[in-house]
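Notes for the one structure printed next.
Order of writing sets the labels: A, B, C, D, E and F. Residues in every chain begin at 1.
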Amino acid sequence: MTDERFFEEYELGSTRRTTGRTITEGDIVLHAGQTGDFFPHHMDAAWCATQEFKQRIAHGTLVFSVGIGLTASTINPRAMSYGYDRLRFVKPVFIGDTIYSRVEITDRRPHPKRAGHGIVVETVTVTNQRDETVLVCDHLHLVERRVPLAAADNR
Amino acid sequence: MTDERFFEEYELGSTRRTTGRTITEGDIVLHAGQTGDFFPHHMDAAWCATQEFKQRIAHGTLVFSVGIGLTASTINPRAMSYGYDRLRFVKPVFIGDTIYSRVEITDRRPHPKRAGHGIVVETVTVTNQRDETVLVCDHLHLVERRVPLAAADNR
Amino acid sequence: MTDERFFEEYELGSTRRTTGRTITEGDIVLHAGQTGDFFPHHMDAAWCATQEFKQRIAHGTLVFSVGIGLTASTINPRAMSYGYDRLRFVKPVFIGDTIYSRVEITDRRPHPKRAGHGIVVETVTVTNQRDETVLVCDHLHLVERRVPLAAADNR
Amino acid sequence: MTDERFFEEYELGSTRRTTGRTITEGDIVLHAGQTGDFFPHHMDAAWCATQEFKQRIAHGTLVFSVGIGLTASTINPRAMSYGYDRLRFVKPVFIGDTIYSRVEITDRRPHPKRAGHGIVVETVTVTNQRDETVLVCDHLHLVERRVPLAAADNR
Amino acid sequence: MTDERFFEEYELGSTRRTTGRTITEGDIVLHAGQTGDFFPHHMDAAWCATQEFKQRIAHGTLVFSVGIGLTASTINPRAMSYGYDRLRFVKPVFIGDTIYSRVEITDRRPHPKRAGHGIVVETVTVTNQRDETVLVCDHLHLVERRVPLAAADNR
Amino acid sequence: MTDERFFEEYELGSTRRTTGRTITEGDIVLHAGQTGDFFPHHMDAAWCATQEFKQRIAHGTLVFSVGIGLTASTINPRAMSYGYDRLRFVKPVFIGDTIYSRVEITDRRPHPKRAGHGIVVETVTVTNQRDETVLVCDHLHLVERRVPLAAADNR
């Protein structure tokens, strides 16, 4: 479960795919309870039946949290998550849908200020059981370099 | 709890501040259980005692989910969340910290393709009980316009 | 979310209606876990199928807790809940039912001993998605007076 | 766990005492999640530290639900709960307090309309580990009579 | 709920049967969250649909924990659980199945080293709503003797 | 996360060690809720303070479920869990203890009836942060053989 990897060892274009997770009614109930978001879109089946999707939809933050959690299988002691860019909800996730995450290394760039670290971007694509994309985002990791950049290289 | 508002009615620079939420050990346990992320940074107090922060830290997705959940107090039937930009984890959140969200309308722009909608950007700043910023992000909402743009205006 | 209101400002007959909440199987499981009430009426679907209602029913304390929770949307720093009268379970709530609470101010009376406070009674009526009443109760609040009663007025 | 008992067999003044239950921080978090009541009195330790009690307090509905759950140890197939009277919150319950319920049969009366049933009232007194009363209520049960009242007796 | 019983008072061949518990989807979600076991057999309905059983199955440790929990109705202050032998998963448990435990005292033997205690073996048989056995195990209890064995008797 | 391995490929004496998991108060609360075991040893801190250990202890089934869950990191599609032998609770686990599992392949034997499968025994030793053993058990797996035994070999 631990896989030490330095910045230089991340390979652009390499991909991995996670196991799947069915989003259950209980997940939505627990996520509402954790976040305090009890909007009727998630919690009121009767009202949802009168709306466009005819049913409750998972919270965006739930799909995101589970989609990212699926990718957390290997610990790299040289890396830490420090943010996300361009997170988009592409399609709704309904109760009973199963989601999977695909991760691709899409960027490797110097850190603007730290010569000893670089930024590795994993683009995460979350799909459902019909292989439709439901969420995409860029996950940014701060990763230690094996060899720090010479000061001059670091812009 | 419902407050209908069209794109034209969002005011740049307006702000609101939420109630607070103490992040408990139980929240971390539940979030690990929901996401499947059992990394020792969150779940192994003995190992954490040997690390830089000396204690367990909340998952990034937990701080984000609760921070956003705090802002979900008023339903606007004319708006829907469709994503986030520039989400950054600024400082760790520890067990017992209390977080608050401040929301500011920082952008209102035409939607690139839909004349009937615009994009409203809420910049969310999550702070702890010492008023230190722990997370920032831009929350993007797709909001119906009261008056659709003429085709010519919509670039 | 904060709305300061003194005793004198509660208006007899004023009403409000909450958003809805679907009672899920997961809610019953969690409530059993929280209360320790694992009676077969809530937990044994096979046995329930042989009984009058043919299905599991929500705990009374669950319907009550959620029904009251729905009303907890605005904090009044001048009021505190101190009890309930005439709580009655009128109809069973089944898995998948959606409940709503209607609140009406039905009484405003002096506190028997405190000149600085009065008692405001909110009658809470919990209904399901077929608009059938499932639970009623009187929620008693101890509310600060803007102007304390003169001793002589306090009966 | 099943103890069949008819109305006639409830003895006025008989009492029983339950096992205890420590109210944990996790119980408050779960109850907030179940009910949607995230008032700062329960969820914001930093704010609570500035208030009278200096700490978070358990939800009234939590103390009530657990206090009643503690009494649900024996199933009587001839009885059903149908409500509560005079529920009062006497003292706050804090994280780490342990509560116990004492039950006393305080009333046995005819049902106003049903000759085949009577009403049995259990007065429930919930105390903490310092034997202070924190909650009281009258729990009303509808219990089948072994021998229905003659019509004339039923007023 | 407390029933003091010494080693000498356990009767070989005596049996008891518990109430039932429906295993819900939420139970599986919570158990995955508690144990960190997110194997697709339990969590991925789409994948399960392609496998032998066509549906998700409950974790073995869940069926065991609930099956044993059902037997925990009476506290004997003279006994403590110290292990299990021959725990076997006989049939899968699916979402919606209801399980029951039958307990039989199948052995009473001296403790190999402690003259003051004996070992009582409860054979626990967990069945589903079709009376099929799903799990069996021998539950070993260390129980105080009313009369300690003379040293010579204790082999 | 998938690692296909046949019976022949399990190596006697090979070991692995899992990440750690701190057992929190919330875990005990959730496990009580899942199993219905609310014995005061786990749930009543005031009573526990008067007992030998002076504090609440984790349920045996909780330590077992988490200890086994920690080992569930790699899916072998050729193997299935079918039981446990000699499960023993060696020392109590308290709130705040961190547990780890060590797994050793201690036996590989023919299945008594199936020529196509063998039994692989993993001895699981669960230790705490002081490296004291708290639980041991033998986990039995039914594993497909790459080459079925000839009928004559299978006794």
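As a working rule, a contact is a pair of C-beta atoms (placed from the backbone, for glycine too) under 8 Å apart; a residue touches a chain by one contact, two chains touch by 3 or more.
Chain by chain, the UniProt names read as follows: A, B, C, D, E, F = Dehydratase.
These numbers come from a predicted model, not from an experiment.
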Rotation angle (°) superposing Cα atoms of subunit A on subunit E, nearest 5: 120
Chain pair repeating A-C, as identified from D-E, C-E or A-D when over half of the contact pairs by residue number coincide: C-E
Centre distance in Å when subunit B and subunit E are each reduced to the mean of their C-alpha atoms: 45
Length of the line joining the C-alpha centres of subunit E and subunit F, rounded to whole Å: 15
Chain centre separation in whole Å, for subunit F relative to subunit B (CA means): 39
Touching two or more other chains - residues of subunit B: 19, 21, 24-27, 29-30, 34, 36, 38-40, 75
Chain-level touch network, classified as line, ring, star, complete or other: complete
Residue ranges of subunit F touching subunit E (in the complex, touch as defined): 21, 27, 30-31, 34-37, 39-40, 59-62, 64-66, 68-70, 72, 75, 81-89, 137
Subunit F partner contacts - residues on subunit B that touch it in the complex: 24-26, 29-30, 38-40, 43-47, 56
Of subunit A, residues touching subunit D in the complex: 30, 32-34, 36, 38
In the complex with subunit F, residue positions of subunit A that touch it: 1, 18-19, 73, 75
Subunit B to subunit D touching residues, read off their complex: 19-22, 24-27, 29-30, 96, 98, 129
